[in-house]
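Some structures to go through are shown next.
Both complexes shown next keep subunit A, but they swap its partner, so subunit B is in the first and subunit C is in the second.
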Partner chain A sequence: MNNDEKILEIKNLKVYFDTEEGTVKALENVNLFLKRSEILGVIGETGSGKSVTAYTITRLLPQPPGRILNGKVLFNGEDLLQKSEDEMLNIRGRQISMIFQEPMTALNPVFTVQEQMTDVISHHEKISKKQAIPKAIRALELVKIPDPELVMKKYPHELSGGMRQRVMIALALSCEPELLIADEPTTALDVTVQAQILALILEMRERLGLSVILITHNFGIVAEICDSVAVMYAGNIVEFSSIFNVFENPLHPYTDGLLKAIPPLDEDVENLNVIPGVVPNLISPPSGCRFHPRCYRKLDVCEKEIPELIELSPGHFVACHNPLGGGSK
Partner chain B sequence: MKNLLIRRLLLAIPILFGVSVLSFLLLHLIPGDPARIIAGIGASPEDVEVIRKEFNLDAPLYVQYISFITGLFNGNLKSINTQDAVIKEIVPRFINTFQLSLFSIFVSSLIGITFGIIAAVKRNTWIDNLVMGFSLFGISMPIFWLGIILMLIFSLYLDILPPGGKGGLQHLILPGITLGIASAAIVARMTRASMLQVLNQDYIRTALSTGLPKRKVIVKYALKNALIPVVTVVGLQFGYMLGGAVLTESVFGWPGLGRLIVDSIFTRDYPVVQSGILLIAFVFVLVNLGVDLLYAVLDPRIRRR
Partner chain C sequence: MKQEIPLLKVENLLKEFSVVKGFWAKKARIKAVNNISFSIDEGEAVGLVGESGCGKTTTGRMLVKLLEPTAGKIFFSGEDISNLKGSKLKTIRREIQMVFQDPFSSLNPRMTVYDILKRPLEIFKVAKGSDEKKQIALEILQDVGLKPEHLTRYPHEFSGGQRQRIAIARALILKPRFIVLDEPTSALDVSVQAQILNLLKNLRKEHSLTYLLISHDLSVVRFLANRIMVMYMGKLVEVASTSELFREPLHPYTRLLMGSIPNPNPRHRKKLKMIEGDIPSLLNPPPGCFFAPRCPLKTSECDKAFPELREVKEGHLAACFKI
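This part shows the complex of A and B:
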């Protein structure tokens, strides 16, 4: 297997939402890719389009109000946006799985862990639910749940938050998918449990060769486990590269601002560095570069022309008219 | 689960006691002399005195209460009209009402829940509007009118069902459907609202993300959650039906408990009225107990409390 093989590639994805207030231009032009067995961090503020991107990949975007206007989502070279719903049923859970932010509400409160897990396994593996039990127990063991036989009989409310997220991961991995999309999987958890869950995701990558898209708004998490990172702002990818490039040599002023906003641990700071302004309203986004009203490197062209995502140096993509480091293009 | 059952049963005891006291006091709470009320307008003073003796109305209230309760069970409490033991009058009527209610609640749940789910899944489409339109119609329309219309269509024009009375299963169909449709309208609205709420929950998104077919997610993962408030409504409806659907029973000449009580009120047959009310309250408490237990079956979180 070629190590550089792209398991997932998103091309020119454009998604709008029709609401009563107007059309929300949620994703304008999203381009990114993920290599096999890598962890890609997608980072951005609330409303930047991270989750919309995730739900578009698995085709769980509610339509209406969502509308996919343009683009391709190539998974192992096949465009998921062209698949029928029946074909997607065999992809979801089996080839692409998702885990979510709220382990408290992501599991069904009125069914046992066993019921929920064996339903999924028996559906995908075409075996009886009884035959699925040992597989479910193995999946729980994989995510290091002590006494899996006992946990199988439990209802979600009888488990702790960290335990539930482990069950959620076990459920997602029970049919050995190639790609895991984790939508802020640790946001709702205690810090110590967060670290355990992240370590678990890393381990699953090592053991199963899993590729992961990790959606977060926490640069610390990205730094800890990701191989590459895509920075999203107001429905666009503004910077996309290896983790090293982005942290050492950020090119987009927004990325730069986000990194500077992380308070240093070894100094006393009076004021945190913040990016001035707020996330724009996506019904009538700013013209040109959507970041220009908040940008300290703004040029005249920024208000007029939408910057393209270009490969400024090998493997380092940025959408900016006046990127840092390299000077004006 | 067992603890819950025991606790609910123990809770039912004071409620039943309170209800029995209230239904007993009915006669005494009406302004005026109970003996005169039973005797009716225009009764001679001698008649009133006879009744006072016969019903032991001079005795202290607690003695009367005890003899009311014991009389109910040992047959000493008799209907004024027929001189039969009240319990013998009431029980067969109640069984009739029970049959009708059971059939109606089945019709109501089947139609109401099915259409509620369909409306929720097809929210804001013409299907949803149609179902909700019918539901509004079902709630607004007077039940006796629906009964008469159904009777016209199926008995008079099509001549396939008997217009009334009590007999085989075919006698049950028209009154059962009449009563069931009115209640199905309410059940459908409740199911739709509850289902809409559940369909927005995170765990539904999770279930869909695992690749389970939408139909299965709705019928299994969403429905079990959505049914919890629906069970309350169905339980209440069932309770009301068991209390006697007077209008439906009257239209179809169904010899149920509701009609017996109304007739007894007109003839001032107070022992029958009091016992009937007591029985209805008793059944209502039992139905609610059943609803509580059904909650626990549906929702494991309730079992622990």
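This part shows the complex of A and C:
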């Protein structure tokens, strides 16, 4: 298999939400791609649009209030935004799976693990629920659940948070999808359990050749398991490259500021870098570059023109009129 | 070793909760905080770290007298405050304040910032006229980085970071000596977290405050605290200065914790391990050391008794037989 093949490519995606207060310009112009068997981190603060991006890819975006105004989501070259709901039912779960932040709300509380897993497997594989049982057990074994036969009989509330998230992953992987979208999969978990789940995602990539989009607000998680990272701010991708490029040679002032705002684990510092101001309201976002009111490298042009995401150096994309490390473009 | 009386001293603090267990509603008792002892000197910033359910918030709530301990003693400035009631308790409350995790639920939505800030002044009859009250409120607002015009606004008009500043202002307005910070930044985004952490660090210097910082995030604790206590299932398992603990964590649980935190440096990737087992239930704790079922150093000794917290090196305490 060609490793450079793009399994997913998002082009010029624009998504708005109609609310009583006005139109929320949630995604303005999102461009990114994911290579096969790669783990891509999508990082951003609250309201940056990372979850909206995920929900648009899987077509789980509620419409209305959501509106897709523009863009393409190419999955293996085919535009998912042009698919019918019936076609999506077969793609979701079978080719693209999603796991969520809170496994307690994603699992159905009135059904046992077995009922939920065999339901999904029998639907996609067109086999009976009885035939699906061994497949379900294998999926639970895959995610290292001890005593899978026992866990199959349990209801979600009888499992710990970490076990529930493993069941979710088993469920998501039971039909061997090509792409897994994980939306803050460890935010509700403790760090020692989080480490287990991250290790599991890495192992699934190794064993199944899975491609993963990992949505998170935690730079540590991205550094730990991702190959590339897209930084989102107020509905745009502001920087996108390999993790080494982004962590060691950030080009966007927002990425740079954010990286320096994290309290370091391995050294003592007197003061943390602060990005002044707050994330803008997306009903009336700032003109031009949406980051310009908080930016210390702001030029006059930043207020007027929206910067395009351009490939400033090979494989390193940035949307900034005055990027770091190379002066003005 | 210091000779003076510690600002806060805790002896064999115990908190039990009743829980209903199983379908037949059998009553059971769990020890959320299980016989812990520690002391905090004036001017220290001590971090209390651990995972959810380890008892760190329960400990904090007992210190600010929001929860009654089941047993044990709390001394503040040498005075036993464990069973204080009425006006004596009120005097102590002025000295000990708390900042909560979620600034969206810790501020009354129907009160303006000024109402929120003047309540403590009224309760403790600190200021004389309304001019003086306003003056004190304006000063504290400036201290936490808010503007005078914010005084007449309501909590919903502020962002999460600004709300946490209001909560900090409320805690500081009576000029307390000791503040319990319960996960003060875990509801905030990274860029806002940095603002609040800097603020807390500077306020401590300017007002010579003593902090107990409760957090699950070791990087936050490292930034703010000069000493760290690690808690696991209601027990303190390790206590050391921040620099010592990061240089040489001794307890296997502390090591596991440190080995689990994702480090934002892709060149220093951890070998994330799939350690087996979850945290055991407090309803049914292991017979000996609570960490034994997950511990790589475990021997038969560990199943027999819980190891006492003892001084392993000067100023470095750990509760483990294997160190």
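The rule is short, and it goes like this: the second predicted complex is superposed on the first by the 326 of 329 C-alpha atoms of A that agree within 3 Å, B and C clash if a C-alpha of one lies under 4 Å from a C-alpha of the other, contacts with A are read in each partner's own complex, and residues count from 1 in each chain.
As a working rule, a residue touches a chain if its C-beta (ideal position, glycine included) is under 8 Å from a C-beta of that chain, and two chains touch if they have at least 3 such contacts.
Bear in mind that the values here come from a model prediction, so they are computed numbers and not experimental data.
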item	value
Which superposed partner A:Gly162 touches (first subunit B, second subunit C, both, neither)	second
Which of subunit B and subunit C A:Pro250 touches, first, second, both or neither	neither
Greater residue coverage of subunit A in the superposed arrangement, subunit B or subunit C	C
Partner chain in contact with A:Val191 - subunit B first, subunit C second, else both or neither	second
Partner chain(s) touched by A:Pro109 [first = subunit B, second = subunit C, both, neither]	first
Partner chain in contact with A:Pro323 - subunit B first, subunit C second, else both or neither	neither
Which superposed partner A:Ser97 touches (first subunit B, second subunit C, both, neither)	first
Touched partner set for A:Ala172, first subunit B, second subunit C, both or neither	first
First, second, both or neither for A:His124, with subunit B first and subunit C second	first
Partner chain(s) touched by A:Pro148 [first = subunit B, second = subunit C, both, neither]	neither
Subunit B/subunit C common contact set on subunit A	none
Contact set on subunit A toward subunit C in their complex	45-46, 144, 146, 160, 162-163, 190-196, 198-200, 202-203, 217-225, 243-244, 247-248, 257-259, 261-266, 268-269, 271-275, 278-279
Residue ranges of subunit C touching subunit A (in the complex, touch as defined)	51-52, 159, 161-162, 189-195, 197-198, 201, 216, 218-220, 222-223, 243, 246, 256-257, 259-270, 272-276, 278-279
Residue numbers on subunit B that touch subunit A, as the complex places them	201-203, 205-213, 216, 220-221, 224-225, 298-301
In the complex, subunit A residues that touch subunit B	58, 60, 88-94, 97-98, 100, 102, 105-111, 116, 119-120, 123-124, 155, 157, 168, 171-172
